[in-house]
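You will see chain A twice below: alongside chain B first, and alongside chain C after that.
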Partner chain A sequence: MTDFFASNLTLIQATFVGFALALSIQVPLRLGVFSLAGAGAFGLSAYATALLVLKADMPALPALAVSVVGSTLVVLLLGLVVYRLSGIYLAMATVAFDLIVGVVALNGDPLTGGSTGLYGVLTDFDVVQMIVLLVVVVVVLAATERGRTGRRVDAVREDPELAASLGVNVRRYRLSGFAAGGALGALAGGMAVLTRSAISPPDVGFSLIVLALTMIVVGGTRSWAGALIGAVLFTWLPTLLTAIGEWQDLVYGVIVTLAAIFLPRGIHGVVLDAVRRSRRRPPDADGASAADGGPDVPATEATEADRAAEAFR
Partner chain B sequence: MTTTPEATATAPPVLELRGVSVHYGGVKAVDRVSMSMAEGKIYGVIGPNGSGKSTLIGAITRLVPLTAGELLLDAVPYSGARAHRLVALGVSRTFQTVRLIPNLTVYENVELGADLRRPGQFARRVPGLHPTREELAAAVDRAITVTGLDSLRRRLPAELSYGAQRRVEIARAIAARPRFLLLDEPTAGMNQIERHEIADLMHRLCSAGISQLLVEHDVQMVVDTTDHVFAMTAGTLVTEGRPEDVIRDPRVQEAYLGRRWRHDA
Partner chain C sequence: MQFIVQIATLGSIYLLFSLGLNLVWGSLGILNFAHGVTFVFAVYLTHLTLGVARLPFLVVLLLGAACGAVLTVLLQVLVFEPILRRSPSIHQAEMRILIGGLGFSTIPLAFMEHQTKNLPFGLDQGSFVVSPVVLGSFRATNIALYGIGLAVLLGLAIAVWLARSRGGLALRSLGVDAPVAGLMGIDRRRSALLAMALAGGLAGLAGVVYTYTLTALTPDSGDLLLVKAFAIVILGGVGSIAGAAVGSLVLAAAEVSVLTFTSGSWVDAVSFSLIFLMLVLRPVGLFGRKEVRRT
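What follows is the complex of A and B.
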């Protein structure tokens, strides 16, 4: 086990970075916000973390924290500007943001190192710290997938107008999702540079968006577990597929296409449906499920009227 | 249902509209409509398709921005309130089409209605608005029982009949424990028996103290259910009064009933 761990350390670290990156697109999407700004935050935070370590001699975790907070604020400002956009238009605006980050990285020579990028970012950051950070993220996200918050998130995504009529502050939820996407992207970017010790313009380019979308389309869009499944799959698959050489891209494409067509809710959705089906009793005949929840009084006018009268006073 | 017009006029209004207009460019969807609605009554809005009935509900619930006019709840203006504040003020609504969250069960969809936001600045005006978890669960249970959905609470919306889906919508609205309920064509697409059930439910909710505004183009349903009717055509209020008087009004007959009355009755 430890042998496996040591010899695959790079892949394990890449899996965790990919997981956070996938979440950065998935979390806003759960609120119906198609924001790809997480990829831009990845770049911002990666460069910021590298600079803080190299130029300001900051330790890994404080540098990461400052970068994540700063990048999240930038994304939140972007969110306030593009708030009125939705769907594909919002996606385009955020892609523009991502491209701007890439251009700045390439041309900000004295600071960003131009096309060579920044290297030698050596710190004591390790996988254990990474795991702790991601566990905190997962605990927070899992709480937003259940109960009252989970229902409200679903309502904001499925029908914002209905959500508002039920008392949900839709604007606040959507902006929170937008900012959370930025924070998660920034976390991924910071962790990426701390584990790889280098960052250059190709690392913060358009391929980040493709990778993150691929992970959540195949893994699942509704839960953090889907993002994790996608991250594991698409970090390890290329290594497993090296044997087939140039056919690798084709297999990749086929997997994504098949998932998009046959697994609209990703692998996670399939697992969830299977669990639900096995747990559930066969559907009862109408009105025969008195044991279901509380007493099932026959719907006679008198009793229902009595209950209605007492129910609302 | 035995209410006299005088009683309606003297009771203090819960919900009041003063010169409410909603214009889209040159189209006057709702134009200078004033209404006054008292506690414990069922009101109806009739009018042909496109007469502005649904827009009016949208305006009252702040989902549709006002062009002009004022909205008052207990004589306090709320024309500037954002839509999500309305539930906390005690105003709930249903929509013309079924709008349930597909991945949530019947119970969870109704729970969504009870997930009240903390009311903040309006808390003083509506007592009991910091409900405990138990109170919320009880409100959900009652809403489900009242609408006759007990045996369906664990089903997903797609597994329900159309009539049952509509009842879930009503259950969700009353789980918020409103004082005023706005129903946008709750019986559209239902058969006669189901319509009777909804009318009966409305009466029971009314006797439990929930005032209601029913938007409906089935005149028979409005006559059978409401205490007071507003008739609209082309965005304006034509007349109002007791249902049996309103439907005899020649202006209403001309605008609306002439085409539909025999067919629907």
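What follows is the complex of A and C.
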């Protein structure tokens, strides 16, 4: 176990960074906010952390904390500016923000090191600290997925007008989602630079957005578990695919395309459906499979479809 | 004076490329992330063909357009149609369409990266020559002039087609309310395939003109161009052909100015900032129509 841990340390660290990055897109999405600003926060925070460690000689955790708070404030400000946009237009505005961060990193030469970036960010930051941070994040997120808060979050996503009429402050929920996405992206960026000890403009580019979206679409969009599945899969898949060698990217593209078509709720959704089916199987075998509503129906609607199907019989 | 030639050349390529993206986005509500790769892949297939045959310029153009059209039709049939069939509404399919396009675009991209080893590739001259043309104080190549002519002609033709013909009306009605358009007897699938084929063809044309006028391509050249096309569409207004034309010229003028007056590495920030400013100040774009959902 320790051997495995030591020899795969880089991959394990990359998995955790990917997990936080995937969450940064997923959390706003759960509130119906298609914000990709987490990738921009990743860049801001990665550079800020590196500068605080290199120029101000700060230890890892305080530098990370300052960068996360700062980047979150920037993203919250962005959220206030673009609040009236939604759907694909919001996504485009936040992508523009992400790309501007990349251009500034490339051109802010004396401070950001231009195209070379910043390197030699050496601290005592280790995997245990990473795990503790992420466990805290997961506990908080899991709390927003169940009970009253969970139902409110679902309502804000599925039907904002209904949510507002029931007394849910939709604006506050959406802005919190936007800011939470920024905070998680910033956490991912800070952890990335502390573990890799270097950051350069290609690390904060368009590929980050693609990676994060891929992870949650394949893993699952509705729960932190989906993001974790996606992060594990897409960090380890390239090493497993070495057998396919030079055609790895092509296989990657095929997997992502197939997932977008056939797995609307990701692997996590498929697992949930399987669990639900196996629990329901004994009393009414064929009724359960008929009432499943197929994998296309989101969780909240699936249960409604079940009820409707039962009423029908 | 050379300044104006540069703007017109760049602007005409931007227009050819962004017209298709705009058309598909405005009528089908599909934001096609594979549009950039279509542009590069059409040039790549043309590049391979020119390696074995010497062709006249018109045939090269048609070849590029055909390659682009085939690729986007494949994308529509294999990816977008299944996704839309499995989603209750276009808005719920938004993100899956985006990912589907991204995933699909990785396939030709990976193929090209493997074949070219990431080295730039250009287009050989067929049975014609790229020659400089001098008119008074203007200097350009003949291909650049063809490109400008093509952009103006095709832009006008598509605008007239959309405004006057039955096919154009069908496509516009899809942009306003697709289910109702279907009830009125419009074959949604056929219109959508037509729009996608047109968009891919335009991307292929833009690719051929771009490669002969400006520079060789690398497999990932499409990404940056795609972001620029987003900027143009958002600037002009989704679904507006006049908007795409004005947007292309504004972006080309802004970029040429930045290239002329600064060290050049800020040039990409122009399009990103334009997207951002436009979405914040006027989300419907300069020529945007009200009925299409934007905000």
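Keep this in mind: the second predicted complex is superposed on the first by the 280 of 313 C-alpha atoms of A that agree within 3 Å, B and C clash if a C-alpha of one lies under 4 Å from a C-alpha of the other, contacts with A are read in each partner's own complex, and residues count from 1 in each chain.
The definition used in the following text is that a contact is a pair of C-beta atoms (placed from the backbone, for glycine too) under 8 Å apart; a residue touches a chain by one contact, two chains touch by 3 or more.
Since we're looking at a predicted model, the values are computed, not measured.
J.: Taking the superposition as given, does A:S165 touch the first partner, chain B, the second, chain C, both, or neither?
T.: Touch status of A:S165: first partner only.
J.: Of the two partner chains, chain B (first) and chain C (second), which one does A:T239 touch, if any: first, second, both, or neither?
T.: neither
J.: Can A:F34 be said to touch chain B (first), chain C (second), both, or neither?
T.: After superposition on chain A, A:F34 lies in contact with chain C alone.
J.: In the overlay, answer first, second, both or neither for which of chain B and chain C A:N107 touches.
T.: second
J.: With the two structures laid over each other on chain A, which partner does A:T10 touch: chain B (first), chain C (second), both, or neither?
T.: neither
J.: Where does A:T116 make contact in the superposed view: on chain B (first), on chain C (second), on both, or on neither?
T.: neither
J.: Taking the superposition as given, does A:S86 touch the first partner, chain B, the second, chain C, both, or neither?
T.: A:S86 sits against chain C, while chain B stays out of touch.
J.: Jot down the residues of chain A that show up as touching in both complexes, chain B in one and chain C in the other.
T.: Looking at chain A, the two contact sets intersect at 296.
J.: Enumerate the contact residues on chain B facing chain A in the complex.
T.: 61, 63, 82-88, 92-93, 95, 99, 101-104, 107-108, 111-113, 115-117, 141-142, 145-146, 148, 150-151, 153-155, 159, 172, 174, 176-177, 200-201, 204-205, 207-210
J.: Per the contact definition, I'd like the list of chain A residues that touch chain B in the complex.
T.: 148, 151-152, 154-155, 158-159, 161-170, 222, 283-284, 286-290, 292-294, 296-297, 299, 301, 304-305, 307-309, 311-313
J.: Enumerate the contact residues on chain A facing chain C in the complex.
T.: So the residues of chain A in touch with chain C come to 29, 34, 81-82, 84-89, 91-93, 95-97, 99-100, 103-104, 106-107, 206, 210, 213-214, 217, 221, 246-250, 252-262, 264, 296.
J.: Could you list, by residue number, the parts of chain C that touch chain A in their complex?
T.: Listed in rising order, the residues of chain C that touch chain A are 31, 79, 82-83, 86-88, 91, 94-100, 102-107, 109-111, 113-114, 223, 227, 230-231, 234, 265-266, 268-269, 272-273, 275-276, 279-280, 283, 293-295.
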